[in-house]
Amino acid sequence: MEVRARLGIFLCDCGKSLNNIDFSKVKERAEKFQDVVYVGLSSCLCLKEGLEEMLSVVRQERINRVVIAACSPELKENVFRKALEEAGLNYNCLSIANIREQCSWAHEADVTDKALELIRMAANKARLLQPVERKDTPVNTEVLVVGGGFSGMKSALELSELGLRVTLMEREPVLGGKLGEFEGFYGFETTPKEILSSVREAIEGNKNIGVLTSAEIIRVEGEAGNFTVSIRRGEEKVSRSFGAIIFATGYTTEILPQDFELKPDVNIISQRKLVEMLEAPAGLEQRPGTIGFVLDVSDENSRLPFLSTLNNALAVKEKLGSEVYVFCKNLKVDSEGMERLYREARERGVVFLKFEEKPRISKEDGRVKVEARDVLRGEEVVLLCDFLVAEEKVLPPEGTQTLSSMLNIGTDSRGFYQDENVYLYPVASERRGVFFVGGCRGDSDLARASTDISSAVTSFIRLLSPRDVMVEVKPQKCRACLTCIRVCPHSAVKLVRVETGEEVAKISGVACDRCGICTAICPAKAIRFEGYADEQILAEIEAIGESL
Amino acid sequence: MIIAERKPLEEIKNMLAGYKKILVVGCGTCTTICWAGGEKEVGVLSSQLKLASSGEGNELSIVEATVERQCEKEMVIEELRDKVEEVEAILSMGCGVGAQTIAEIFEEKPVFPAVNTTFMGMPEKEGAWVEMCGACGDCFLDRMGGICPVVRCAKGLLNGPCGGTRKGGKCEIDPEKECAWVLIYQRLEKQDRLDLMRKYYEPKNYGAVQRPGRVEAATA
Amino acid sequence: MSREDNKIVAFCCQHSAYQVANKAGRMRLHYPDNVRIIRVPCAGRVDVQHILKAFEKGVVGVLVMGCQEGACQHLTGNTRAKKRVKYTEDLLKEVGIDGGRVKMVNLAPDMAQRFVGEIKEMAEKIEGR
Amino acid sequence: MNPKTMGQYKDREGLRQQQHRGCKMAIHFREALKTKDFIVTAEAGPVKGANTEKMQEHIELLKDRVDALNVTDNQSSVMRYPSLGTCLLVKEHGGEPIFQVTCRDRNRLAIQADLLFAYSRGINNVLCLTGDSIDVGDHREAKPVFDLDSVQLIHLVHTLNSGKDMAGNELDGGVDFCIGASATPSADPLEPQLVKFQKKLDAGVDFIQTQAIYDLEELKRFMEHARKMDGRVKILAGIVLLVGAKMAAFMNEKVPGIFVPQHLIDELAQAPKGKGLSKGIEIAGRLIRQIREEKICDGVHIMAIGREERVPEILEAAGLEGRET
């Protein structure tokens, strides 16, 4: 049965500072609004004293819907809601009129009438607010981590430390990823290989982490808290449930990219080849006297090529003692520690040359000739080197597009996950419960990957806390037209069979991000968004009309 | 599903000229699903009619309703019986079948169509539908790779594409639309059944459905 | 007609435009007081009917204010709103309410000046109607 | 000749000779197809209106210069003087008409009736076409008929030739049409078109007139396919007169199934101001000459849309003026 609304209106003049509102007039007029049983004025509603007074009035007057006319809701809404719950009211029975930022402060002249109208809008809406039930949707706490490189393994370890079960999936037969391809991090005591083997060991000894190698995702269904993932391992296909999925699928490099117009050669080589040489210098016929690096021709966005160049240049100096020249357009040293690496390289005698126009590269007497105009010196430079290390372009790994369309998640212009959407940045995606960490978000280094992992883990923990269902499909009105399923940006709606046997749309409380796009678009008006329901928005509009 | 489109307001206003009390009836089935005449569109049209009539100083009184399936007499009676009494005219937002069903039941009230019924189609994406079937009464999709040239080819050709096919296999009349015959070719080629396309098809029996059409189930 | 009768409704996305309005207030950037802000969770929540209803109630201008294109937390909310605003404009034209009285505005959270400018522009437009 | 008396001619050849009595044209088009090394046809476009003077001039100008004159049927879905009526004018002037029949405006009853009438008036050649879509013309709200398609139309003419109508009824006074069809050598993709082309050949046609072709390599590729399918049918390459670079670019962009290579557009663009048309005539002449010299196909069909009076110049440029027809 509908309980008749008993409205209490609590005005706050913010320490008597809202001088262009005549609160006595507001109080007098607001008392005449429909269903209002109390109007009071405070100067510090958000402080202990003000809150306590409000609570006692709410209890005394048996107020069941509260209107607060004060500062902007995002400032103190949670304080007020909590207080109301103490008084035994559902937190959703509160409507706030923003009479400070959007009224008193926004206008110079007397705005008593406007304030009154804002309060009437809030009161109209308050009358229609429904108590919200907190539903504890069961959430699967096991996490699937896709990609067994550094980022993937680290994510698995961090989650397992919190006592969570993790399945770590890798496409290749062994864990490891790209980390082993680095020669070393200059100035670090441990080598990448050592880091890798220690992480791998930790994974292997961990009871909470299950490892699936040579495994690939073929389908992802469901939503945050309850994903069903179909995985193929050779001939075998398995279907498993997870609460969240962390993608750490990494990146790939195109050695000697197309736009570089170079062909691999005995002495035009990739960074990886150079690393192999550095690992076994004894295998070289003779020590190379000069080694050149060319950078920044095909891709200005990536940091990784700069990082490997600086590291490898220093390693060449140390292990081979060759002369090292680095040709580049712009040197990016914005990652942690890179400035130091750069300085050290210069101190050790690595020569950096800045070009504007692409260097011309040719062969001469079995050596590689690089001709470029050094814009800083303003002169043509000709270098003959024994080896030329060419830039590698950082690209999304194979299968990224397939995964992206399977997940219904977009990629950025370079094809990496998590484009620069400010709200989702850095690791979230438009699908709640799906996160991206490390190299698959564009190029990354260990520091950035580690930050990513922490944010993803924190976000997942937040996902586990119970959420209120605010957006719901009324099954009897649903025509199963699938519109909401098609438009939901978070893939939070699916078709389910209800008891009557009919199929209707159902919104997952966990996956829903509460945008109301489905509510607005439903042609049968079958979706209700508590707090922003049609009748509630229309009631606010009605209040504007009433004074006309 | 049946696809329809809202008529321009001007046309609807002209139909309603002289009537003061109107019942706007949506249909909860096809026209809801194709966004032309569900509960929401009933609200939008009613709002528009109110705005238009009050602008002319002659406000209409509007009753809104939505019938689960306007083509079902029982449902129409159940939902509209009482509401019809208070109005002078009925505006149907169902397909042509729905409007005629209402007209047949409430014979003393004029019934006006607020939508144009356009075709039978499939949703392409949200808010977009494409024609798929022309109800020819003589289905031959088995030989056409599951693509009906009767409605998906601009000319309804049966033996292959016309010479107007545009570059990339687009239709002569609209570079945005696919040439059905190129689609049929590709589909049959994929299934290794191109022989079906190479066969000659006789002129179609356009009399397969005798107008007015009527079907009665043998077991009825 | 007094300004009080010439009301404007601004549907403001809570992620951007609503914050922008607050910011304008904090900066004491004054704007016409006939605007009424309705907070929405995303511009994509605003429906044709909400706008039409506002006009039915005598409101003379409506602004739908959402995030910058490409920066919607819900990806398509602001672009859908833009389409809907365009459609509503056409519906209003059919009932003799001239175009320009409904407008989609895309705002980043720091565009207080722009917000005020848009309100002023709409206020001027409806004053001269 | 009184059509009522047609029934008495049991012998078709006799009928044909009867019809030809008094004709100036030396050879019947069917004969030309058989005997000529290189066949030339041209298009006569009916006018919009009942004033047929200009058409008659064109007919008079062209009838002895080409082997037959095609008469278009509401070309581009633009309503005009009828194809059948214009064919009669060609006959009256002693020319050899090719009656173009599309499926767009008439159902199977109307088409059969028109064909019977045509034959009764000595119109013996029919080009079976689907017809452009209603949407490209000037009566866009018309109901498109397309009761038949071009392949079915070819079959229909054969049915009539066999002395029966489509419903299988005996005809009192049969017909014997020389049957043609069209092809689109520059279609992309070509394969579905070839399937249909094969159906036309299977149905049985005496000649093919292609859509406009400018890229002879494309034509050669098409001819390779066509010869493999049927070595017997006579294929006439369609030549549309270009009047300037603008028109060429427009056709590339807007006219389906036509591709003008860039070098021709450049050539037209380089022509001095006001000389675009002469350049177009030169190009058409050159194309025809090359087709004939390299024996790419059996002839050409010249479409000088709206500029029929320039056809003799094209023939001259092609070195065909003054040849025996």
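The chains carry the letters A, B, C and D, assigned in the order they are written, with residues numbered from 1 in each.
As a working rule, contacts are C-beta pairs under 8 Å (C-beta built on N, C-alpha and C of every residue); 3 or more make two chains touch, one makes a residue touch a chain.
This is a predicted model, so every value here is computed, not measured.
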Farthest chain from chain C by C-alpha centroid distance is chain D
So which chain ends up in the middle if you average the CA atoms?
B
Chain A and chain C: spacing of chain centres that average the CA atoms, whole Å
29
What is the distance in Å between the mean C-alpha positions of chain B and chain C?
35
How many angstrom lie between the CA centroids of chain A and chain D, rounded to a whole number?
66
Chain C and chain D, separation of their C-alpha mean positions in angstrom
62
Contacts with two or more other chains, residues of chain A listed in rising order:
487, 521
Show the residues in chain D shared as contacts by 2 or more other chains, in ascending order.
none
I need the residues of chain C touching at least two other chains; which ones are they?
47, 49, 53, 56
Name the shape of the chain contact graph, picking from line, ring, star, complete and other.
other
What is the complete set of touching chain pairs?
A-B, A-C, B-C, B-D
Chain B contact footprint on chain A (complex, rising order)
477, 479, 481-483, 486-487, 521-525
Given the complex, residues on chain B that touch chain A span 28-29, 32-33, 35, 38-41, 43, 123, 125-127
Chain C touches which residues of chain B in the complex?
8-10, 40, 43-44, 47-48, 50-52, 54-55
Under the stated contact criterion, what part of chain A meets chain C in this complex?
72-74, 98, 100-109, 111, 113-114, 117-118, 121, 410, 421-424, 430, 487, 489-490, 513-517, 519-521, 529, 532, 534, 537-538, 540-542, 544-545, 547-548
Show which residues of chain C lie in contact with chain B when the two form their complex.
47-49, 52-53, 55-56, 91-92, 94-97
